[in-house]
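In the two complexes below, chain A is the common chain; its partner is chain B in one and chain C in the other.
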Partner chain A sequence: MSDQHHDLVHATHTHDGKPIQNDDRPPLEAETLETAIRELLIEKGVISSDDIRRAIETMDDRGEALGGKIVARAWVDEDFRQRLLSEGDAAVRDFGIDMRPTELCVVENTDEVHNMVVCTLCSCYPRPILGLPPVWYKRRDYRARAVREPRAILAEFGTTIPERKQVRVHDSNADLRYLVLPQRPAGTDDWSEEQLAELVTRDSMIGVADVRGPTD
Partner chain B sequence: MRGPHDLGGLPGGPIEPAVHEHEPTHWEKRIEAMMVLLFDTKRRLGRVDESRRMQEALGEDYHKYPYYERRLQAVSRLMLEKGVFSQEELEAKQREVRARLEAERSGS
Partner chain C sequence: MDPRFHPGDSVRVLERNQPGHVRTPLYVRGKVGVIERIVGSFPNPETLAYGQTGLPYKMLYRVNFEQKLLWHDYDGKPEDSLEIEIYEHWLEPA
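Let's turn to the complex of A and B:
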C-alpha cells in the first residue's frame, strides 16, 4: 500500500456510524488511468456510473457489523451454526450475501483450536461479508510471516494463545475465502443476539484477535 | 521459481496494525467497484485469478506499485487483452483526462 496515505485520515466515521467519504487523491497518473478506464467502460455501455455508485454503496454496507450478525446468529442458533460450518455460502444467503463466484469456508475457534486467515499470494478476503481488507492484511509483512510465525503475529495484535491450543492458519485463494467463527466470550449467557453481534470485531473474524466479553 | 507475489514463509517486519489502517479512499473504492462489476456473473469480463496473473506478470514492478495502482494496472491490461477497448482508445482518453485533471488540480 502506498505510504503517503496512511495517517492522513483520522476520523473515519460520523457519530451515527456512517463512513465519511475519504477524498484523498492518488498521484495524477493513477487518477488519470482510473478515470480513463471508467469513462471508456461507460461510453461503451459495459457499465454505467449508476452501477458504480450502487456497487460502492453495497461495499459500504459490508464490514464488521454484517459479519457480527452472522457470528451472533451462530452463537445462539445451533442449526444455523452447523449450516454455517458445513455450507457457508448457503448459510450467509440468509443475510442477503452472495459469495459467488467464490466459496466461503467458515472455521470455528474452540478451546483446542485457534484459526487465523491470510492470503499469502495477494489479498483474498471474504469481501462480500467484511468489505475491503485492512491495509496490514495486504502488506508483505503479514502475508510473508503469517504461515511461518502466526503466534508472533498474534502477539503483535495483543492476542496470546496458550501453548496447549493449536493455531491453524488458512491461506485464502481466488476461489475459496475463509471467515473465522470466534468463541463466544464468557459472561454473555443472558445476552440477546443483537447485543452479542455488537461485540464482534473485524479482527476476530480474521482470527488475529478474540472477541472480548464483559469480564475480559 | 518464486514469483514476486509469492510471499508465504519469507521473512518480514512487524505488522504494526495501528499504523497500517485507513478508511479506503473514494478513488480506491471506484477501482474495487469496477472490478466487482466487470467480474460479476452478468458481465464475466474477468476472474480473480486473471487479475492476479496480470499483477504477477508485472515482475519487478509488482512491488513498485501501491496496492490499488497494481489492481488498476491489472484491470487495464485485462480489458486491453480482451479487446474491450484498444491501446489507441485508452491513450487518447488518458490524454483528455490528464489535461482535465491537471486543470482541476491546479485550480483547487
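Let's turn to the complex of A and C:
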C-alpha cells in the first residue's frame, strides 16, 4: 500500500486498526454469582426476564422529575411539608416510593441554614427518589472536600452562601438517605404545583445549588 | 432496646482502630458532638457486611459536630456544622 493510499484509508476510517476484540475485564465474582442466581430464578419461573427489564426501567426513570414533585408538594401543602420533614418515608409513599431498607431524612433549607449532602464512605444517595447519583458525587475529591471545606465546594458549584447563613453538611454514612428541601424561589407565589415542580433540579436536592426562580 | 443517649447529650466518638467494614469515618473519631436525634436500631454493618445477621441490632444516632471542632483551620462561620450517623457502640458520654 502506498503512503498516499494509507493516509486516505486513515482519513476515512477511524478505528485504530486492531481487529474487534473482547477487551472487557474478567467478571467479578459477585457478577458471576448475580448471573447464576438470575438465571436460576428465571429458569424456575420465580421471576421473568421482563420483570428484570421493567425493574431497570423503573430505576432509570427516577430522577429530578420525581424529586421535583415531592419538593413542589411540600412548598404548596403545609401538612405534607411537616410530614415530609418528620416522617419522610411515609410522606413519599404518597408518590409510590419505598425507601426500605433505608429511611428518608429530609433537611430543609431556610434563610438561616443551607444543607448539603455527601457520602464520604461510598455513594449513598436517595436512589428510590433521584435514581443514580451523578459521577461527581462519587468522586473522592467531592467526598473529601464537602465535609472539609463545604463553602469552597459550594462556590465551585456557583453557589455562594452568604456569611449570615449557617452551612450544615450531612454525611450520609449509614442507614438514612438524605433529600434537601430547597427554598421556594421568589416570584412564584401564584405558580401551580406543576409549574413549581419543573423548577426543581437534582443539584438543589443534593444541596449544591439553590432553585432559581423567574427573577433570579 | 432503650437508647443510652438522648437529643442534646454531649458524646465523644471512640478513638478506636478497628479493621473491616466500619461506618465511623476517621475524621470524627475522638471528636465531641451533640446527639441530634435517635434514628432507631439497625443491623450492625460491621458483621452484616460479612454475610452474618447483623444481630444484635445497634442503636443509631445522628450526631451534630461543630466544624471548628472537626478541623482546626476550618474556613467558615463558627455556627457551621456537620451531621453524621453514629452507632451507639462507637459513642461515650462527654
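In the analysis below, the second predicted complex is superposed on the first by the 167 of 216 C-alpha atoms of A that agree within 3 Å, B and C clash if a C-alpha of one lies under 4 Å from a C-alpha of the other, contacts with A are read in each partner's own complex, and residues count from 1 in each chain.
Assume a residue touches a chain if its C-beta (ideal position, glycine included) is under 8 Å from a C-beta of that chain, and two chains touch if they have at least 3 such contacts.
Given the structure is predicted, the values throughout are model-derived calculations rather than measurements.
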State whether A:Asp50 touches chain B only (first), chain C only (second), both chains, or neither. neither
When the two structures are overlaid on chain A, which partner does A:Glu78 contact: first (chain B), second (chain C), both, or neither? neither
Report for A:Asp189: first if it touches chain B alone, second if chain C alone, otherwise both or neither. neither
Chain B versus chain C as contact partner of A:Leu176, first or second or both or neither: second
Could you look at A:Thr120 and tell me whether it touches chain B, chain C, both or neither (first, second, both, neither)? both
Identify the partner contact of A:Asp111: answer first if only chain B is touched, second if only chain C is, both if each is, neither if none is. neither
With the two complexes superposed on chain A, say which partner A:Val147 touches: chain B (first), chain C (second), both, or neither. both
Touch test for A:Glu163: chain B only (first), chain C only (second), both, or neither? second
Residues of chain A touched: more by chain B or chain C? B
Tell me the contact category for A:Glu103 with respect to chain B and chain C: first, second, both or neither. second
Looking at chain A, which of its residues have contacts with both chain B and chain C? 120-121, 147-148, 171, 174-175
Seen from chain A, its contact residues with chain C in the complex are 103, 105, 120-121, 147-152, 163, 165-171, 173-176
Residue set of chain A touching chain B in the complex reads 1-2, 5-9, 12, 19-26, 28-41, 44, 46-47, 51-52, 55-56, 59-60, 100-102, 118, 120-124, 132, 134-136, 138-148, 153, 156-157, 171, 174-175, 203, 208
Residues of chain B that touch chain A when the two form their complex: 5-17, 19-34, 36-39, 41, 43, 45, 47-49, 52, 55, 63, 66-69, 72-73, 75-76, 79, 84-85, 89-90, 93-94, 96-98, 101-102, 105
Under the definition above, what is the set of chain C residues touching chain A in their complex? 23-25, 27, 39-40, 42, 45, 60, 62, 67, 70-71, 74-77, 79-87
